[in-house]
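Quick notes on the structure that follows.
Letters A, B, C and D mark the chains in the order given here, with residues in each chain numbered from 1 onward.
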Amino acid sequence: MTDLTPEDKYSAKPIRIGEVDPHPDKPTGEFISIVVSNDYVNDEYLKMVVDVPDRALTAKAGQFYHLLCPTPDGAEVWMRRPMSIYRVDTGNKRLEFLYKKEGRGTQGMAMLEKGEEFNIVGPLGVGFWLEEGWKNIVVLGRGVGLATLAPLSQLAAEHNVGVTAILSARNPEVVMSRDLFEGLGANVIEVVDTDGSSDVDNVEKILEGLITDGKADAFFTCGSNRLLTLMKRLGKAHDIPGQVAMEQNMACGLGACYICMRTFEVDGEKTLRRVCRDGPCFNMQEAVGW
Amino acid sequence: MTDLTPEDKYSAKPIRIGEVDPHPDKPTGEFISIVVSNDYVNDEYLKMVVDVPDRALTAKAGQFYHLLCPTPDGAEVWMRRPMSIYRVDTGNKRLEFLYKKEGRGTQGMAMLEKGEEFNIVGPLGVGFWLEEGWKNIVVLGRGVGLATLAPLSQLAAEHNVGVTAILSARNPEVVMSRDLFEGLGANVIEVVDTDGSSDVDNVEKILEGLITDGKADAFFTCGSNRLLTLMKRLGKAHDIPGQVAMEQNMACGLGACYICMRTFEVDGEKTLRRVCRDGPCFNMQEAVGW
Amino acid sequence: MVDLSVKIGDVTLQNPIMPASGAFSWDYGDVIDLNRLGGLVAKTICREPRLGNPTPRMAETEAGIIQSIGLPGKGIDYFLENIVPEYNKWEPPLIVSVSADTAEDFAAMTRDLSVDGVDVIEVNISCPTKAPSGGNFAMHSEHTKEVMDGIRAATDKPVWAKLSPNAGDIVSIAVAAEEAGADALVLCNTFLSLKIRTDNFRPALGNKFGGLVSPALKPIVMRMVYQVAQECSIPVIGIGGVTKAEDVVEYMLAGASGVGIGYAGFRNPTALTTIIDDLDEWCDERGIKEISELIGAVRDDDIEWDPLVAASHGV
Amino acid sequence: MVDLSVKIGDVTLQNPIMPASGAFSWDYGDVIDLNRLGGLVAKTICREPRLGNPTPRMAETEAGIIQSIGLPGKGIDYFLENIVPEYNKWEPPLIVSVSADTAEDFAAMTRDLSVDGVDVIEVNISCPTKAPSGGNFAMHSEHTKEVMDGIRAATDKPVWAKLSPNAGDIVSIAVAAEEAGADALVLCNTFLSLKIRTDNFRPALGNKFGGLVSPALKPIVMRMVYQVAQECSIPVIGIGGVTKAEDVVEYMLAGASGVGIGYAGFRNPTALTTIIDDLDEWCDERGIKEISELIGAVRDDDIEWDPLVAASHGV
């Protein structure tokens, strides 16, 4: 009997770096990425950098990957975990994920070390989009929502769109992604709980100021219901379009299983949509907060 | 949420080295052993040495441990694997196992590295026994059966009983346990397939010689039906008592589940016995070969 | 070269590998070549548009997931107009799956689905969270017979009946479906289950109950496939826990002519096509020329029933 | 200090943790202190000495084992003379388990087992590999009623009925057992299964079929315990996949008053006593003073059934 490996239990032909891609034209793939680094950026969040095959680099801002996390406790992590693209580094052929260590999946993910293989499926879903005529956008995020919003700065830079990024956090130490936004020329405003600047009232004032200054052709947010509600309200009042990235637990990630439903309101009627395929990025005015 | 560990999935309170033993008088325990070494002795066989808590050292020749092997393929190895005590090293507080890499369990076992924990339950079962008046015994084994027979040399030495060990193997390179037997004063005879000396006929001649020389007060064997049949026949003809260690797959290892049955013939009547508790060492004349 | 094709009644599949209804859609074409599959199986469709069950619709368990989707969909008109053509862009036969709350509507829907572009109608008479006479007919042989009689009368298309592992006597239900004229039997749907969270004492699923999906269940479904294949003469399709080529072989040995795959495709979207490749290789290595040789080829006619003899045979 | 005691009818257990019949014997006293257990449960006994099934009696599967032991034993006389006294060396109540092929013999054996030293008679009317009317009465409510009526008339000892997960309508069978006078319901025995080896095309077990034992099955049994506890007023004991204290809590939330444990004790002989310790700690941390508060305490009265509302609540 030859030695057993995990591949004897499940069947898959993920694409590996350097291998011929059997489906170069397909939008999504199952890939073996190789961990370059996987480090804590603060107490709760980690950033993982992985080498990937070429096709995996086609990911766009707001799209996500579906990750097959290793087990932290001996039992398998039975379902993949969706994770936004934090950065596509086409030069080095790398992807980056910024994630919060929570339950079994992300705990397993945090165990991965440099050089290890990590099976990822993607890119998946509908990302953010920029419309004709938008000159300046406002990005408002908190916590891990910033992971999803960060690639917007790159997208905006490519289209010569100005970005104001309002980064909300508990305290100045845990403000993340500042460098990523600033590096691409965004105007970064930090608001924190410790001095009260992250209060909805204050954030509203900041947004009003940006609107007055003509810096808010569109709103983008992710990760906080409080901030979504605020932006929706202001967006509606001032007729500013917006987009929000939503979350829901998932099985297939491809649109087949109808597990990842969230409620949306379109023309006064409520309906359910798939976060994985109809989103995760949606028209903000249609999203129903939680 | 605190980090998960495999202990969150299964509940157990195995005894660790240096911990207070809650049941010092119980014959069997669940222990955490620590791997000292786990090396190939030839192409197929490995020897594992583990540090163990004191009570685990009470194992006797012919008894076994029940081992919770790690997974080689991602799926759990659901049942423990029985493995004879190869050597009890009371001085260093260590146990040794000699094993053949076969299926999932032993492949998982072969993955364990120095310093890793290995959950073992034992000692279990009825070992070999020496009867009054036995001055010289003959031990005949092949392959992994030698792992089971080896501690007999120690037991015999303690009782001033002489041992002739006939070690059968495919070729001289894979003859194992020679050192262990010789180190304790046994007279070792190697028989191998490559020169035909391991043929039943030749082994029979050797055994007849030992009987004539008064070196065969009792017979011991394990692991080969051919050799068991031979020894049973000669033992019956010459009225030489004998013992054999039997194998069967197991669940509990303690005598509760009745999974590990083998056939025995007692006073002309066939019956089933539990290898784990009624054995694994049995009266050779009662064992039914396979 | 191995001939992997199998015949399910009048329908020939190029290989025995199909997706399982509800765990698949043409969206998988974003990752794999759907033309390689034995068949394409659509999500169960109901007459009217349905939202489905409250979220969460899925939760992980010890060894798999429980899920309760609630048959959401846009209704049969949308299905015929938009979804059938979507599948028809690919070559393998299209197996549509249908559910209804009454025997009458089941028959009517089967009739409505009997159009060009639909090759097989799989009748999901085993939705686990429904009542035995309201969508979960396969819990009882009389209900099965009744609903299948109506369905058979309504169509000339091949009809495959998907049965329930929650039924107590799967053989009697399979026989009822066969007698009513089913062309094949699909075993099985999911196992009705419950998970309660110990952190908040609440059911883990929005719908409280859900269907368990786990590779661990394969031996139970294997037993059902074997029992049914012994009693029925129409083909059986095994569904439950297939994650590798050996699982397909095992189902075929038990009597299945094909398999459906759900979970494995969630875990690895490339699973289905890989299993086809591996199956080909598995047969090749053993000199098996036609995979259909494996159907029902389990060697169980010379089992040693005397425990005293068996236990002398060694490990 | 948490009060871990639970009442099963007139019998008080010091804690809800019991071994499962057939997966335990006093031999476990070689490793753990049996006096800590809620009860001692003996292997099912039959009237005559039996060898049991051909080997192999166990095989590993994807996530657990299938086993088919065949109720070996030395018969009821030996049991009463030798095994009951062996268990009586320990303090917890002794639950003996019994099986018979006819309703008459079931009643007679129950009578014969109603002796001092026996605290509870668990009637194993659900041996998975037997016919519905020959030891596997729990496949049908009428058979259950019939056999339980005879048993009830034969003894004043508490009678616990062990049911089968292979039955289609577990609630009707539980109700039949309750109506016939059972003092408690034990859910469940093992799931009838089959494994075929792909190397030699043979069944992996000597008896061909066997019972699947796997932590993966817990959600199925959890559903059955919940359904039965909703309909019956006698206590329920949950058996299936308990490997940790949270599993005990989950069964109790679903409506169980106690649990039985098999597989976990094979894997870790110290499992049962460790689970008792962990359960104590779990309650302590949450300020639960009496574990019996957990029985049926699942919070499912305010489920949000509108999918549009539920799916707006977030993850």
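Here is the rule we go by: a contact is a pair of C-beta atoms (placed from the backbone, for glycine too) under 8 Å apart; a residue touches a chain by one contact, two chains touch by 3 or more.
Quantities reported herein were computed from a predicted structural model and do not represent experimental measurements.
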item	value
Chains touching both chain A and chain D, listed by label	B, C
Pair joined by more contacting C-beta pairs (B-D or B-C)	B-D
Most remote chain, CA-based centroid, reference being chain B	A
Chain C and chain D: spacing of chain centres that average the CA atoms, whole Å	31
Intercentroid distance (Cα basis), chain D paired with chain B, Å	35
Gap in Å, rounded to a whole number, between the CA centres of chain C and chain B	47
Distance between the centres, which are taken as Cα means, of chain B and chain A, whole angstrom	57
For chain C, residues that touch 2 or more chains besides their own	51-52, 55-56, 61-64, 307-309, 311, 313, 315
Numbers and ranges of chain B residues touching at least 2 other chains	8-10, 75-76, 104, 248-249, 261-262, 271-272
Overall pattern in which the protein chains touch one another (line/ring/star/complete/other)	complete
Chain A contact footprint on chain C (complex, rising order)	22-25, 27-33, 43, 51-52, 55-58, 60-65, 67, 69, 72, 243-245, 264-271, 273-275, 277-278
Interfacial residue positions of chain B with respect to chain C in the complex	225, 247-249, 261-263, 270-272, 288-290
Interface residues, chain D side, partner chain C - complex	51-56, 61-64, 66, 70, 139-140, 166-169, 191-196, 198, 200-203, 206, 208-209, 212, 214-220, 222-223, 226, 241, 246, 249-250, 253-254, 297-300, 303-311, 313, 315
Contacting residues of chain A [partner chain C, same complex]	8-14, 23, 26-30, 68, 75-80, 104, 119, 121, 248-252, 254-259, 261-262, 271-272, 277
Residue ranges of chain D in contact with chain A within the complex	307-309, 311-315
